[in-house]
Structures are given as C-alpha cells and as structure tokens.
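As written, the chain order gives the labels A, B, C and D, with residue 1 at the start of each chain.
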Amino acid sequence: MYFASDNSGPVLPEVMDALAAANTGYAMPYGADPIMEEVRGKIRALFEAPEAAVYLVATGTAANSLALGTITQPFDTVFCSPVAHIEEDECNAPEFFMGGAKLTLVAGGDKMTPEALTRSIESQGNRGVHGPQRGPVSITQVTERGSVYTLDELRALCAVAKSYKLPVHLDGARFANALVKLGCTPAEMTWKAGVDVVSFGGTKNGCMGVEAVIFFDPAKAWEFELRRKRGAHLFSKHRYLSAQMNAYLTDGRWLDAARQANAACLRLTKGLEAAGAEFLHAPEANIIFATLPRAAHQRLHEGGAAYYLLEGTLDGAPDEHLPCRLVCDWSATDENIDRFVALAKG
Amino acid sequence: MYFASDNSGPVLPEVMDALAAANTGYAMPYGADPIMEEVRGKIRALFEAPEAAVYLVATGTAANSLALGTITQPFDTVFCSPVAHIEEDECNAPEFFMGGAKLTLVAGGDKMTPEALTRSIESQGNRGVHGPQRGPVSITQVTERGSVYTLDELRALCAVAKSYKLPVHLDGARFANALVKLGCTPAEMTWKAGVDVVSFGGTKNGCMGVEAVIFFDPAKAWEFELRRKRGAHLFSKHRYLSAQMNAYLTDGRWLDAARQANAACLRLTKGLEAAGAEFLHAPEANIIFATLPRAAHQRLHEGGAAYYLLEGTLDGAPDEHLPCRLVCDWSATDENIDRFVALAKG
Amino acid sequence: MYFASDNSGPVLPEVMDALAAANTGYAMPYGADPIMEEVRGKIRALFEAPEAAVYLVATGTAANSLALGTITQPFDTVFCSPVAHIEEDECNAPEFFMGGAKLTLVAGGDKMTPEALTRSIESQGNRGVHGPQRGPVSITQVTERGSVYTLDELRALCAVAKSYKLPVHLDGARFANALVKLGCTPAEMTWKAGVDVVSFGGTKNGCMGVEAVIFFDPAKAWEFELRRKRGAHLFSKHRYLSAQMNAYLTDGRWLDAARQANAACLRLTKGLEAAGAEFLHAPEANIIFATLPRAAHQRLHEGGAAYYLLEGTLDGAPDEHLPCRLVCDWSATDENIDRFVALAKG
Amino acid sequence: MYFASDNSGPVLPEVMDALAAANTGYAMPYGADPIMEEVRGKIRALFEAPEAAVYLVATGTAANSLALGTITQPFDTVFCSPVAHIEEDECNAPEFFMGGAKLTLVAGGDKMTPEALTRSIESQGNRGVHGPQRGPVSITQVTERGSVYTLDELRALCAVAKSYKLPVHLDGARFANALVKLGCTPAEMTWKAGVDVVSFGGTKNGCMGVEAVIFFDPAKAWEFELRRKRGAHLFSKHRYLSAQMNAYLTDGRWLDAARQANAACLRLTKGLEAAGAEFLHAPEANIIFATLPRAAHQRLHEGGAAYYLLEGTLDGAPDEHLPCRLVCDWSATDENIDRFVALAKG
C-alpha cells in the first residue's frame, strides 16, 4: 500500500527485459548507440516532428534544468506556478543551470490562467536594465496537484507567451498520464499548442531513470549537448538509457502504464469517497489530494500504508480532518487499493 | 575488437541480475532504499572507515565535479595534472560545480611529482586577495595515460598537500584497476595515504552507470547531499544505483573484473610488442599508448578494430608510425585480442 | 524640479572637497590607504562595534549582492519583501553573487510582518534535500515604498530570524534617512536589534558612489574580501572611496543631509496635500507615493518636473487620478518644491 | 619614490576639475547623462568606429570580466598568456562572469606568438562535446611584463583567432602607453588589426576609477548592459564616470599622460643601467623588470622607495642580484627618479 509517490515503484518488465537484451558486446558511448537512433525516430514519429532534437537524461530535474538553462539567459526570469516542481522541489537546480536566473511565481493555484500569466509577465521586464528580463514560461502537465490542463488551456497559455515572444517549456514528468486523460496526440499537447521544449518523463511511469528532452526547433541542439555534458548528465554507457526509453515507447507500453496508473487513482478516489473523504478536485490523472479524519490516517498508518500527510500529525483529535496526497503508479494493484480504502473506512 | 574505451562494454552479469532482483515492489526513493544501507556498510568496511559518508551518482563527471564542488570555494584553484580528466574531458563541469573556481595544471606528464606540485602550489596563493586561493589537489589513479601511482608516490603528493593544509581528491574512475595492480587495501590507497575524498568508479569496470563518492570526514556530508540534488544528480529510483554497486562489491566481483581487464591489457601489449609496437610506458593497468606503423592501423581499421588514433590519419606513408590509445575492459576476450594482434602484425 | 530619485543629485560639497584633498602623491591601493583606517575607526565608533569588519564598494547593488553572497549558500533561499530592491531592481545580481540561490517573497506590502515572515520561513526548508534551504532574512530600511520600520518592528523580524538561526541583512541604501526619522543610534537600528550585516548607503545621500558593508561578526571578513575582488569590486585607487565616506561621516554631515532630504519630502507632502493629492502613507523619510489628477501631471510635465508616473500615461481624461513616486535628496530646494506644488495645484 | 604600481598615483588635475564641474544640479542616472553622450562621441571618433557600443565601468577587472562574459559561453575556454592579468590577478573574476568558462594558457612568455597560439587552439576543441569549446583570444597590450606588441604581431595573433572564427579581446589597461609607443591610431591597434572588444583603461593613466568597454560590433550591446547591471557595475551617479573619461580624452590629455609615464620609465631605466642594473628587456612603455644587487635594494628600501621585489628578501648577501618590478605613472617626477637612481648606485 504505497501511495507516496510514483517514483518508488518497480520498473516495467518490458523495460527490464530491454536492458538485459541491450547488454551484449560493445556499443558506441555517449549517445551514439544504435538504440538511440531508434528512440529518436520513435519520438519524432510520435510527435510528428521529423526535425526535433531529442536527448536523454536520467532525472526529471536534469531534464527541466538543462532545458530551461538552454533557453534562458542568466538575467531572465521564468514564469511558473507557485507549486511548480522547479520552484519547490529542485533545490535551486534550475537557478544553478540557468546561471542565476530567477523564477517568477504566477499568482494562483497549480494551474496558471492566461490572465494571471499576463499580469505576471507585465509585472516584469518593464524596468529596463534594472529588473530581470522576461524569460520562458514553464508549464507542468500533469500539474503538481494532479490537474490536467485541457488543450484549450494549454493553447491559451502558449498564446500569451507567444504574444510576448517568450518560449514555452513543458514539464512533462507525467506526460503520459495527461495524454491518456486528454485523449489527444503528443503533437497536439505540445508544439501544436505552442510548446517549444518538452521534458518527457519516463521514470515516474515505469522506467528506471530516463527522461527525454525534446526541442521542436533544433537550433539549440548543440548548445544543449554541451550543457548536458557540462552538467555531468551525459552517460557513457548511454545504451542503457536508450534501451529503457525504447522499450517504454514500444507497442504503446507507455500509454498502457499511464492508463493503469490513472485507473488506479480513480478506483482509489471512488473508494475513499464512499469512506467520506473530501477532495481538492476530481481525479484527472494519477494524483489526488484528499482529506480524511485523523482516525482514518491512524488506521492506515498502523496498517502499513505509505503516503504523505500534508498538515498535522497522527497525534490528536480522532475526528479532525487532515489532508494528504495520494499517488498511484502503474503497478498499483486493486487489492492494495481496496485494502487502503477498507482501512480508511475503518 | 573494441579497444576504444572501457566505457562501452557490457555490464557484468551479476550487476544485471541484481537490477532484476531489485525490481520488485516499492522502495523508498532518493537513497533511502535498504540496498543503499548495504552499500554503505560494504564501502565502510572495505575502506576501514566506519564514519565515512557514502553517496552514489551515475557518472564519473558528476562524482568528480560534486566532490570538488563540495571542498572548493569559488575563489580557489585546484591543482591537477595537465591531462587530468577534470581538465580535458569534462567540458568545464568542475568549474561549473565549483562556481567558477580554476584548475592549475601542474607541469609535467600524467603523474604529478611532489616537486612539481610544490612549485605549482607555491606559484599560487601568494598574491593576497588578487590571485586565486590554494584549493584541493586532485589526483587521478589510474592516470589518464594508464600509469599507476605507487603508494609512496601517493603519500608524497598527499604530504605536500597536507603541508599546505589542502584537501586531496582522488579521481578513481579506474580505482579497482589500480588497486589490483598495487595489491594493497582500499584504505592504504586512500585515507591512509592522505586522501580526503574519493570518486570510486563502477561504470568503467562493469556497472551500468554508478560511481560512489566517499568522504572520510563526514563533516561535509549534508552539503554534498544538497549539492547533489541541486546538480540534478539525486535519483528517485535510487535502488537501481544501489543494486549495481552492491552486486559490484559482492564476492570481490569488482576486483575480479579489474584483474580481467588488466590481464587483457597485458596480453595485448605483449602481442603488440612482438608485432613491433613501441609504448609510452609499460602496461600497469588497462590502458596503453602504443605506436604502430600506418599500415598496421590500416589493416586494423579494415578488420573492424575500434580504438583512438591520437595523431595523423589513415591516409599516408604506410611505414610512418602513428600513436594510438588502447583500452581493455573486463569483457575483452583473448580471441579478440589475438585477432587484433594478428592484424597489427599483418 | 527633479524628484525622480535620490541617485541623481549632486555630491555634497564636503565630499568633493575631500576628494580634491586626497588627490596628492601616492597612496597604498586596494583598501590599504590611510583614509580607510579613519573610515573603519569612524564606523566602528558610530556603531559601537569595535570588532566590526568594514568594507567599501561603489554601488548599492554590489553592497547587497556581496553581503548576501557571503552569508548565503547556493542551495538557500533569502526571505525578503516582494518589493525589495534585491528582487525588483538588481537584474538578478543577488542570484548571480549567491551562485543561484533563490529569493522567497514574504507575502504583504513593503514592510514584512513577523507573522508573514514566519509563514514564509515555515513554507521553506521542510522538504529535506528537495527544496531550497532557509537562508538569510533581508530587510530594507527605509523601505522601497518610503516606510521606516520602528525599532520594535525591526527587533521582532530579527527575533523571528534568530528563532530559526538565520542571519539578518539590512539593505540600508537610505540608512541615514531612517536613522534621523527614528532618532536612535546606529547600533540600536542594527546589531542591538539583531542585524548581522549592513549595506550602509552613501551614494543616495550625497556621496559620489560609495557604500559600506559592515559585518558585526568579522568571521566572514576574509571571504568577503575575496568575493569583492572576484566580483571586480575592489578599487585600486581606493582612497577615493575612503575619502568620500570619511567626509560623509565627519561632523554629522551624513545626518544633516538626511534631515534635509526628509524635511524636503515633508514640505512637498504638505504642499501636495493642500493641492488635493492622496498618499499611500504619511511621509516617514524622503520618498512618498502620491496620487494626483492627470491634469496636474500634465502641468508638472510641461513645467519640467521629473518623476516617475507609476501607472497610466499623460494622455487621457484630465480628472483621472494617477499614482506617482516622488523622492527628495539632500539638495532639493524649497524653491523647487514650492514651484512643483504650485504646478500641481494649477 | 613610489614605483610599485601605476594604480596608486594621484588623479590628473583636469580629471579632478571635471568632477567638480560636473557636480551641479541633477543629471539622468545610469549612463543617460549628457556627458556620456560626449564620451561616446569622442571614443567613436578616436576609434573611427561610428557604430561602436561604448560603456563605462569603474575597475579594470570589471571591464575584462564583463567583456569576456559577453562573448564567451560557459562551456568555452579563453586563450591567453600565462602571465595575463585575467589569469593571475583577478581572483577568478573572469571565470565567475563567464559562468565557469576556463582559461587556456598559451605556452611561452608574456607575449603570445602566433605559433604558440595556434598550437594552443589546436589542443582544444577537438574532443567534441567532452572538452571545452574554443572561445575568445585575450591579448594584453601593454603586456604584464611591460612589452608592447607591434602592429604586425597584433595582426598575426588576430589572424590566427579569425582563422578559427574566434573573437579577440584586448585588455588595454595601459592602452595609451602602448599607443604612444607604437605611434599608431587607436583604430590601427584595435579593429583594423582584428580586435573585437577592448577594455580601454583610464584608471592607471590618471583617472580616479574608470575604464571603457568598446564593442566594435554593437550586436551584443544590450546583453552587455544587462550583464553590467547584473554584475552590480552600473553606476547610478554615472556622470562622475563620464566626467573622468571625458576630461581624460580631451585635448589629448590621455596621450600626454602616457608619454609622461613612458618617458619617466625610460629615464629610470637609463639611470639604472648606469648603476649596473640588468633588465628583462628594453623599456617599451612604463614598466620594467630590473635586477639589482641586494645592497642596492637595501639602500632603496631604507631611502623610502616603494616597489615590488619579485624574489628573495632584503636579508642576505649584499652582492646577490635580486629581480624587481618598477612602474612609472604620469606623476613620476624627475627628482624622484634621480633620487631612486642615486640610491641604487650607492
């Protein structure tokens, strides 16, 4: 009963098999392996972007920080949500890779609105040389609160960015979970909406540790390669990154895994609803924020469930309600979900 | 016949098996996995250093850069060989992670001498606030030219550093290859000689992508953890780093792999000697620098051998001698070595 | 009629005289000049801090950025007001000098409250290695909106910082203007209240370009010196910085200049009140934020007055009210103030 | 008898007068002052470069670091002499402002040769993404050892740089001293020879603290302005930088000052020759490196002369010869020079 994060589950069996299959003989290092050729081809085809520059790194923070570092000047500021992973959970990695550029937090919740984004952009870049200059807009899809931007919402944010000639970065650590929710194509959720660079996550959805960075305009490709190496994120035995991503993208496995995770989250939500839980919002992908009585948390804790309590502690009045975050990965089982719900019900 | 690098061979079967074995259920992320506990215990025992702080990262450049970044101030300079990997092959990653600190190249070849190191240290830090301040000494063992410092040589370099109160970093990308050559203990080759921080390589010697960073004094441990995260080098599914290192260190597998690589290099050297090659120096680990007539290089190239020609091209006078670098990893086979030698002989 | 900023007025005649007087023969460079000895002694005496480390730089941004860079780690975040100069008007200089550390904006107006500061500190540093770590609190006195923290307010903010063991930086670009308003001693407004490092401004109050950085605990003095040099802020002909600061601090000239500026601002405010202006708050130092009808702005503009309109333009309905910022320096004359008021009245 | 440096002498009286003259009323801050318009015009005319972007900063380190930071990527390396000021005397400021780029030291003495520069460039940039990329060539004129590159020498170095498409930076801290030695035009010594960016020194030649940075191609002008602000090197009361540079450039005062300094150095050299001194090379500008018996150094020291002894101490055998550096500024008097020579003679 592990619902703390989708970064702690096992690797998809197909991915493990691909690693074993790749483990034979020598392969050119540093991204020149033949499997990377396959990966590049698959991603270009999936995204309908035959010119796209495609790179692999091993962590989501690396994908975001290197992507932003490549399109941001050190005197710029990046516009993002106040709960963006790049703001809250990367220990200043984006600032480090951007040479000291700033993040400007767009007022509101996890989903930025075009109006709030416009106000935020307007509040910067109007002090000449004195203030930070306007830099990229970074959007997280699925958001850190489990919401999914609709295509119209994405297009509207990108349109704001474009009206100021600012590039758009998409933090797609849970790209697949959003895609199956929207039922659209990767192109529709990215460059057709106005996205310039994508962090395309694999790790949280069944890989061991691999994320793709995709630039739809390859003009910055070489600079990215240099920044990846300088960031110590270029793997010598690169074929093992390639093999993961290749298996992930084969036969729709990445979409199936996301569907499993989203379905698990839905089952969990419905079960908890019946147990009297309240939710920040309806489940859209594989993350929900629920509020349960302390007594339920206590039973879950004693029963061995793992997840994050967002406020308060297990000690206190049993009927006080405490919020928590619950995340399902592809490997969550109905059995574990139902056990969790039963414990919550008491 | 791949002798271009030891970063392109396959992963040890025991390491692959360990990855598969680790791939079950949930595990705490970010280094809190139970396998990491085992790794920490094994490394502390091997190094006779029960207090040591032990961390894993996925690339050698990350290990070096983060280690140096933790013990160097941005106004310092690091003393190293002119052919050090941190100088030549890391695209300014050390400078990046050290916030713009400098490298001072100690005059001479791949092995620094105490005299040259002293002169180099003396040449810095004597301009008050105007020049860079004296920072760590970084030693590569096995060197980038395939030499192995003796314990006496290591001790002498560390003694120079200590006499200036400077910390010592050991770039041990090929730590095991040096250790089996010297036939000493890990403690003797590190803290007993005066080394403070070690980049302990796994990748080049049969792992998929894992290096340990070991601080014998744990005072900087927390700072390292923050710098690792900020460098985007903290893995969420950390158990798969742990599993590699754990298998590598089990039952002396790491030493066996190094012995295989060193022995392969010796066989290759003897064969090439018989073929009339000349060598920069006698083989000490798994790298040699040899000079062969162009005609031999041409035959090898046509025969499918892969390695780096250091000067010149394949076109030209057949009897002109051209230098090359040859590296053996654990998986080099006698058959391939002998085929290589036969082609060289012509 | 220049009320745009206190950074554009002339230099105090005593400061100019001191520069001329210093311009004879040779003087030791880089801060070893004898006048700097005098300055150090004067500042230590004024602040009742015989151990304080005292340095001079030429710009306020340098003072703030170097001070913060010295007490902040690159994985930290600094707590400051959303309108802090370090956030809005230094083009990412603090982030640059701090190696990519972040600024966390404490919700509210120009003056931070202890409650809001506590909430802000609580919101950071609770994510282990994942989020930024808690770093210094930076307080601007006089604030960027012209408010002056009372001693009790300063003490309360410092007490919050101290309860988290965080250092406190005071951006005192207008230190003298606040001091004469409060009628307290420099020690009371700084270390006795809990401030650790001060940017002590001279430029805006009648110097040519000089600010002191004062560390009450000299432990970081040498690091500051190295960071100043590395930031290219160490002057060779340092005596000309020393001479400015020395004259500024002689015979209470610095306090007289601040009193002149504050009195000018009061006269301006009273005059504009009579002209129907509305104010963000009562004048406390030498800056006010006033709202006037567009017609008044038009008359002022045509009459040659210089100041910043904060919203809107001169074109539009004459009776619409538009906000502006008005700043008085030591050299503002009654005649100019009265002309300004007369134009505003129409 | 101060011959330690040309950074410790007084300011030209014309410069002091200009500061006093500028000290009236308000002036637009941050470089928008009318005197800066004059300066820009004068520099463009002097350099026959009507499009040039011209900026002022207060220190030579700032001029060099900001210029290099603007034309260098963080993954590049800059080619310079082993005794370049940017290598030896700027405490890693260039690395800081370049975001961690490296300096590659061209083998040889203070003057780089085209052959050595070519070898140095060839040694870099040939490792693909692994090594640093080739960045600017930085030339110091007058060199740190007092030599002056001839126009042919400058042209040859620039031609090497251009053949690799690398930009050229000229560290002209002693620009005027070189120019009067060569008897050429500023254009001939810069863009006509192939220089792209110049640090044009004023401080060492009679200003208080001002250096111009001149980009002959204005494409990077705005980026430089942002980097200057972010480096905390944009002065609010900028008119006092402008006034210095303006007076310096008026009526050939800058050239006269340099002629005075060079002539003083020649007189000093001739006098010391007669006293038996030996020289590193003949005087070309205002710096010489001389070797004198210890007894002479002792007499000079007792007589109050100030200069740097480069090796050894005053204690020891009286007839041992010890090297020293001697620098003359514009204000060196014949009387002091002759007293110095007399003491050296004994």
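Basically, contacts are C-beta pairs under 8 Å (C-beta built on N, C-alpha and C of every residue); 3 or more make two chains touch, one makes a residue touch a chain.
Treat the numbers as computed from the prediction; the structure is a model and nothing was measured.
Chemist: Tell me, please, which chain's centre (mean of its C-alpha atoms) is farthest from the centre of chain C?
Modeler: Of all chains, B has its centre farthest from that of chain C.
Chemist: Is it true that over half of the residue numbers where chain A touches chain D are used by both copies, so same, or is it different?
Modeler: Mostly the same residues.
Chemist: Distance-wise, how many Å sit between the C-alpha centres of chain A and chain C, to the nearest whole number?
Modeler: Centre separation, chain A to chain C: 41 Å.
Chemist: Determine the centre-to-centre distance between chain A and chain D, using the mean Cα coordinates as centres, and give it in whole Å.
Modeler: Taking the average C-alpha coordinate of chain A and of chain D, the gap between them is 51 Å.
Chemist: At what distance in angstrom does the C-alpha mean of chain D lie from that of chain C?
Modeler: About 34 Å, centre to centre.
Chemist: Got the chain A residues that touch at least 2 other chains?
Modeler: If we look for residues of chain A contacting two or more partner chains, we find 74-75, 90-92, 96, 99-100, 129-130, 133, 226, 229-230, 234.
Chemist: What residues of chain A sit close enough to touch chain C in their complex?
Modeler: Residue positions touching the partner: 74-77, 88-92, 95-96, 98-103, 105, 127, 129-133.
Chemist: Show me the residue ranges of chain C that touch chain B in the complex, using the header's touch definition.
Modeler: Against chain B, the touching part of chain C is residues 30, 73-75, 99-100, 129-130, 133, 223, 225-230, 234.
Chemist: Can you name the residues of chain D that touch chain C in the complex?
Modeler: For this pair, the touching residues of chain D are 2, 5, 7-11, 13, 16, 19-20, 23-29, 57-62, 65-66, 90-93, 96-97, 203-204, 208-209, 226, 229-237, 240, 306.
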